[in-house]
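Right after this note come the structures.
Across the two complexes that follow, chain A remains constant while its partner is chain B and subsequently chain C.
This part shows the complex of A and B:
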C-alpha cells in the first residue's frame, strides 16, 4: 500500500480519536503528507531493508524533541521546548522515521492509568460512551498505536509503564534490558529503573525499532558499552526448539481476575502443546518487590525533580515567589506539579531523610538485590553482569529460558473507578511488572489473543501476557513473543 | 579497565597544566586581566554577603609582614599580656576542625564537556547538564582525578580503590539541579595528614619546636556551584560558568587548638595544592574557601564535653563558621567564636549547635541558622554515575612523578643553598613559585659560570648571594608591579652577580645595572659596564686612607661620638659618603668600612 494512503489514514484517525486525548501535540499534517509525496522509486532505493523508513512514530512526551514541546504532561513544563533531540529520537529520524506527535502520559511517568496529566486523562473507549483506563504511564503512546493514529510509538517503562498500557489497549509493549537503549534526552523519573520502551501492533514492528535503537550511546553513562554488549551475545548457548518455560507460582495471587487467569492458563497449555516444557518456579520476593519499588522510585524522583524551579527553563508561578531570604520557587513548584507528583516527591524526600533512610531506602535496595537474586536463581542462563568468565554456565543448570505470566492482575478499570481509587490500590496494579524493572530484565507484553465479552455485548482483548527473560536475552524474549 | 585505558596517556598528562586554552589566550593578550579580576566578588556564600578579596602580596610586603610579626612577637614576649598567656585559656581549651574547598586545576568540568574558566564572560562555559536541563546526564571526566589524586598523595592519604558519587540535596538558586554531586558515603581518599614545621609559622609563633601532624579525615571530589553576583538592592545575577567546576574538599580532624595553627594549616594546604599542581588559584582569587568547626571545653572536668566529631571524643558543642575567604579571616573568626563560646559558658549559658558567618573586620561571628534550621541533605547515591575504580599503577605513577613539596624545597634551600628559613619560605611563597624557578635558574647559571672559570665557590655561598639579589634587589624593583620573570633575564642577573662577586664592579653599580635593565635597556652587562665605564678602578690602600681621613676631618663631632661614646654604627654614614663622593665604580663599600675601622682604631668591633 502506498504511503500516501497510510498517511491519510493516520491523519484521519488522529482527528477521529482526538477526544481520547492520546496526544499532547501533533506535527502539522503537511509534514506527513509532504513526506508521502516522494516518488515510489526514490523511496524504494532508500528503504532497502529499512523497516522504519517513512513510518509515522509517536513519541511519549517525556522524551525530548527539538521540534515539538516536551512537557512530560506537567504544568511546570507546559511550554518547554528542548534545545536538543533525545538519542532515540535522533536515531529514528536518521533512519527516516517521521515523528508525528508527542503522547499524553502520567505526569513525569508517575501513574498507572495516564490520568495524572496536566492536559487531562487519556481515555480508552472500546464502545460508544465507555471511558476506561488506557493504562499508564505511556497510555497516550499505547492508545495512539491501538487506534492507528501512528505506526508505532516510543514510551518509557520505569515499573511497567509500557507493558501495562500495552496490555490494556491490546497491543505489544516491550521493555528492553536496562542499559541497552539510550536515556540521553529522556526526562528522568527514577533513573536506575527508567527504560525506553517500544509499542507496536505486532512483535515484528517492535523488533525493527528495537534493532535501530539498540546501540551504545556515549552520552548516556548507563548505556552498556560495546564490550559488554558483545558479551551478552557472545557465548550464546544454542537454543533448542523447545523452550523451558517458567511459571512463577507467586504471581498466581488471590486477587488475580478470573479472565486473566483463564487467559494465562490457556496460553501455557498452547505452549505445552507446541512442545515447550512448563516448570513451576518460585520468586518469593514478589510482594516485597512492589513495596521496594514504591520506596526507590519516589526517592529517585524526589531527587530528579528538584531541578524544576522555573529559573532556567519551564514555567514559573505568577507574581512574587518566595519569602525574603528563602528560596525563590516554593510557589512555582507548588503550582507546577500535580498531586500525584507532589505525593511521590514527599514520599521520596521522607524515605531519604536522615531518620528514615536506614529503614526505607537502604532496606528497599537490599530487596532489590534479592529480587535480582530470585531471577538469577530460576533462569538457566547466568546473569552476564555477574559471571564474567562464564565458567558457571558450563555446568548445565536446570533453569528456565523464559518466564510467562500475566502483565496485570486485572482488566482496565473505568476512569470513574480510577478516580475514587486510593493511591495504594492503584500501585497494586504494578505487582507483575515491577520485579523485572527492579532487576533490569527484558520483558514484553503481548495480547493474550482471545477476546472477552464487554457489557456492551461487544468483545475486546485487554489481557496482556508477559514474557520475562534473563538480562541481555532480549532477542530470545522477542522470538518467544513472536511464537505466542 | 579505567586504569588500563588511562595508563597510556599518563606520562604526558601528569605533567600537563590544565588550563582552558581560550583563557590562556586572553591572559596573554591582557596581562592585567587577572589583577582586574581581583576586584570582583568571588566568594561563594550561602548568606550572599561577599567579602572583598585580599590583594596579592608582593615580596617586600610579605617580608615586611614577617618582620612585623617578629617585632610583635618580641613586644609580646616583653609585655605582660600575650594572648598565648590569656588567663582564660588556662581553663578553656579550643578545638578546631577545618574543611577546605579548593578548585581543581582541570581543563573541563567534573561532569560535562564544558571548559572550566576563571574570568570568562558570564554563562559562556555552560553545558546543558550544568544547568540541569531535562533529559541530560552526567559524564564523569576521568582527567579530573589526576590533580585530585596528586593532592591526596601529597597529604599522604590512603587512596581508595573504589569510590562513588552521591547527591546532596538542598534548594538554592546557585544549585541548578537541586543537589550537589559529592562523595559522601565513599570518598576517594581517607586518613591523611599534614605536617607542620616551625618554618611554617611566623617567627616565634610556632607552638613547639618539633614538627607535628594535623590529621586529615578524608578528601572528596565534588561540584562547585554557580556564582551569585549581587546587584543591590535586590537583584541577584547568576553566572553558571562555575557550576560543576571540580572541587576537592579536604576535611581535617579536630586536632587544632590554636587559631594561628588553623590559619597556618589553611595556608599550608594552599601551598601544597599549588606545588603539586592540583590547584592554581588561591584564596585571594576565591579558588580556595574554608569552613571551620569551633568548640571549647574546660581543661579540667569533662562533665559537659560529651560530643564526638570524626571519632575524636570528649569535645564541647561545636559551631560551624562558613565561607572564610582569607587566612586572616580564619584566624580572626576562630578567635571571635572561641571568645564568644567561653563568654557564653562562663555566664552559665550553653552553646547551640549552629551555623555562623563572619565578615572581615568584624569582632563577632553572626548566627546564620540554628539546629532546627539545619538542612537534611538526604544523601543518595547518584544512580547515573558508576563507581570510580582507581588502579594501583595509576597511584604509583602519580606518586613517583609528584612535583617536589614545599617542605622538601625549604630543606634544600636551607641546607644546601645557605638561605635562612625565612628567606626560603618567602622565595617559595612568592608568585606561584615563579620566583623560586627564577632563583634556581640564576643560581645554576652562576654555578656553571664558576665551574667554567675553575673557581671553587661553595654552593651555600653562591646560594645566599643569589637569594639576596632575587629577594632584596629585584624585590624593591618590583614593589609596585607584578612579578615578571622575563623583565630582567636570569642571564643578565647572573652576569651582574658574577661581576660583583669577582669585584669587577661595585655592588651599587650592580644595582644600577639591574635598574637599567628593568627600565628596558637592552644591552648586555658587559656592554653597559664597558660603555658606562663601570669597571672597578681599585684605589690603592693609601688612597682609601686619604679619602677616609679627609671625611673624618670634616666631621669631628661624629668622630668623637664614635671613638669616645662608642656609637660605632655611625661609621656606616662615612662608608656611604666615601662611596658617594668618589667616581662611580671606584670605592667598594666593604673595603671602605675596613679602612675606616682601621683609621678610627676600632679594631675588630662589629658595626
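This part shows the complex of A and C:
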C-alpha cells in the first residue's frame, strides 16, 4: 500500500470524522498530496524493506514536533511550539514516515476517557447519534487509527493510556517494556511510568514501528543502555510451539462485565485449541496496585508539572501575575490547568508532604516492588533486570510465558455518563492496565475478535484482550498477539 | 529446553503433557470473583475512611502546588471532599505489611554488572583531568586549560524564543507591590 493510493482516503476521513475531535492539529493536505506525487521509481529505491516509508502517522499531542503545536491538550500549552522534534518522531521521519497531525488526549495524560481536554472530548461513534468514550488518555490517537484518518499512531502509556483506548476503539495498542523507547521530547506526566506506545490496525504494523523506535537514545537518561539491551536478546531464539499461558485470577473482579468475561474465556479456549496450555496464577498485590498507582503518578506529576509557570514558555493569564500573599504563578496555573490536573497535583503534593510521605509515597513504592515480585514469581523467564543464580531459574521452570487477561473491566461508557461520574470513579477503569505499568512490563491490547450487539441493532468490537510478558519479552508478546 | 513427547497420562482428551487446566473448567474457575475494585470507592453512607485534612492544610498544599486558593467556602469544601475521597481510594496500600521491602523507585537494570558499568571511576573523568595542569612551586595550584570548548550544539538556543512576554533579553513577570 502506498501513500499515492491512500492519501486521499485518509484526507477524506479526516474531514468526515472532524466532529469526533481526534485531532488537535493537522498538517496541510498539500503536504500529504505532495508526498504522493513522488514517482514510483524514485520511491522504490527508498522503500526497500522499509515498512514505515511514506506511511501517514498521527502523533499524540504530548510528543514534541517542531512543525505542529504540542499542547498536551492543556490550556497552559495551547499555543506552544517545540523548538525540536522528539526522538521517536525524528526516527520515524528519518525512515520516511509522514506526520499527519497531533491527536487529542486527556490533559497531560491524566484521564481514562479523553474527556479532560482543553479542546473538548474525543468522541467514539459506532452508530449515528451515539457518543461514547474512546478511552484515554491516548483516545485521539486510537480513534484516528480506528476511523482510518491515518495508518498508525503514537500514544503514551503511563497506566494504560494506549491499551484502554485501543480496546474501546477495537484496534491494537502496544506498551513496550519501560525504557526501550526514547522519552526525549515526550512531555512528562509520571516519568517513572511513562512509556511511548504504538497504535495500529494490526500487530504487524505496530511491530514495524516498534522495530524502528527500539533503539538506545543517549538523550534520555532512562533509555535502557546498550549493554542491558544486549542481554535482553532471547538466548534461545527458537521458541516452543506451545506456550504456557497464565490466567491471573486476581483480574476476575466482581464488576467484570459479562461480555468481557465471555470474550476472555473464548480467547483462552482458542489458545488451548492451538496447543497452548492454560495455568491459573495468583498476583495478589493486584488488589493494591491501583491505589499505589494513584499515589505515585500524581506525586510525580506534581513535581513534573511544577515547571509550568507561563514565564519561559506556555500561555500566561491576563494582567498582573502575582497578588500580595499569593504564589506568583498561581493565577496562570489556575487558569491554564484543567480541574483533573489540579486535583492530581494537589493529591501529589499531599503524598509528598512531610506528614504523609512515608505512609503514602514510600509505601506506594514498596507496593510497587511487591507488584514486580508477583510478576517475577509467575513468569518462567527470570527478570533480566536482576541477578539470578542458576538454581532459581531451574526451580522456576514451572512458570508461565505470558499472561492473558482483559484490557478493561467495562465496555465504553457513554460520554454523558462519564461527565456526571465522580472523578475517582473512572480511576477504576485502569485496574487491569496499571500492574504491568508499575512493573514496566510489555503489554498489548488486541481486539477480542468477537462483536457484541449495540442498542442500535448494529454490532461492534469494544473488548480488548491483553497479553502481558516478562520485562524485555516484547517480541514474545507481539508474536503471541499475532496468533490471537 | 522443553520436550513435547506424547504421554499416556492425559487427563483430558486433548490434554497437554506439560499440564494446565482444560477450557471446560474456565466457567467454574471464574464463577467466584476474587475481589471487588468497587471496594476502593468511599462509602456513600458515611465519611470516607481517610485522614482528615484541615482547611489550613489545604491552603498550605495549594501554596506548595502554586495553585490559587478557593474563592468560596463551598469551593473549599468541595476540594476537601475530593481530597478525602482520593485518600480513601489510595488508602488500600496501608493494608499491606511492607517491612523490609525495598521501595521500587524506577525501572532500571539492577544487576551488579550494570552497576559496575555505571559507576563513575577515575577513568570516566580522565578527559577532564587531562585539561588541568599543576602550576607553581611553593604554592601548587591547578590551572584549567582555557581553550574554548565547542558547545554550539547546546548554546545555540534561543532562550527567550518560547516566552510570551519579554523585554530585551529579559523575561517579564509582573507582581503587585506587597502592601506596606
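Convention: the second predicted complex is superposed on the first by the 466 of 484 C-alpha atoms of A that agree within 3 Å, B and C clash if a C-alpha of one lies under 4 Å from a C-alpha of the other, contacts with A are read in each partner's own complex, and residues count from 1 in each chain.
As a working rule, a contact is a pair of C-beta atoms (placed from the backbone, for glycine too) under 8 Å apart; a residue touches a chain by one contact, two chains touch by 3 or more.
Predicted, not measured: the structure shown is a model, and the values here were computed from it.
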Would you check which partner chain A:280 touches, where first means chain B only, second means chain C only, and both and neither mean what they say? second
Touch test for A:258: chain B only (first), chain C only (second), both, or neither? neither
Touching A:346 in the superposition: chain B (first), chain C (second), both, neither? second
Looking at A:185, would you say it contacts chain B, chain C, both, or neither? Reply first, second, both or neither. first
Tell me which partner A:455 touches in the superposition: chain B (first), chain C (second), both or neither. neither
Which of chain B and chain C A:303 touches, first, second, both or neither: first
Per the overlay, which chain contacts more chain A residues, chain B or chain C? C
Check the residue A:329 against both partner chains and state whether it touches chain B (first), chain C (second), both, or neither. both
Does chain B (first) or chain C (second) touch A:311, or do both, or does neither? both
Taking the superposition on A as described, I'd like to know which of chain B and chain C A:80 touches: first, second, both or neither. both
Using the superposition on chain A as set up above, list the residues of chain A that contact both chain B and chain C. 80, 83, 192, 222, 302, 306, 309, 311-313, 327-329, 349, 353
Quick one: in the complex, what on chain A touches chain C? 80-81, 83, 178-179, 192, 222, 224-225, 227-228, 236, 240-242, 244-245, 247, 249-250, 252-256, 261, 264-265, 268-269, 272-273, 275, 277-280, 285, 287-288, 290-292, 294-295, 302, 306, 309-316, 319-324, 326-331, 333-334, 337, 342-343, 345-351, 353, 356, 359-360, 362-370, 372, 385-387, 409, 422-425, 427-428, 431, 438-440, 471
For a test of understanding, state which residues of chain B touch chain A in their complex under the given definition. 128, 131-140, 167, 169, 171-173, 176-179, 238, 376, 378-380, 383-386
Can you list the chain C residues touching chain A in their complex? 1-2, 4, 14, 16, 18-23, 26-27, 29-30, 33-38, 40-41, 51, 53, 61-69, 79, 82-83, 85-87, 89-96, 98, 101-114, 117-118, 157-159, 161-165, 171, 173-176, 178-179
For the complex, give me every residue of chain A touching chain B. 63-64, 70, 72, 77, 80, 82-84, 86, 183-188, 190-192, 218-222, 299-300, 302-303, 305-307, 309, 311-313, 327-329, 349, 352-354, 357, 361
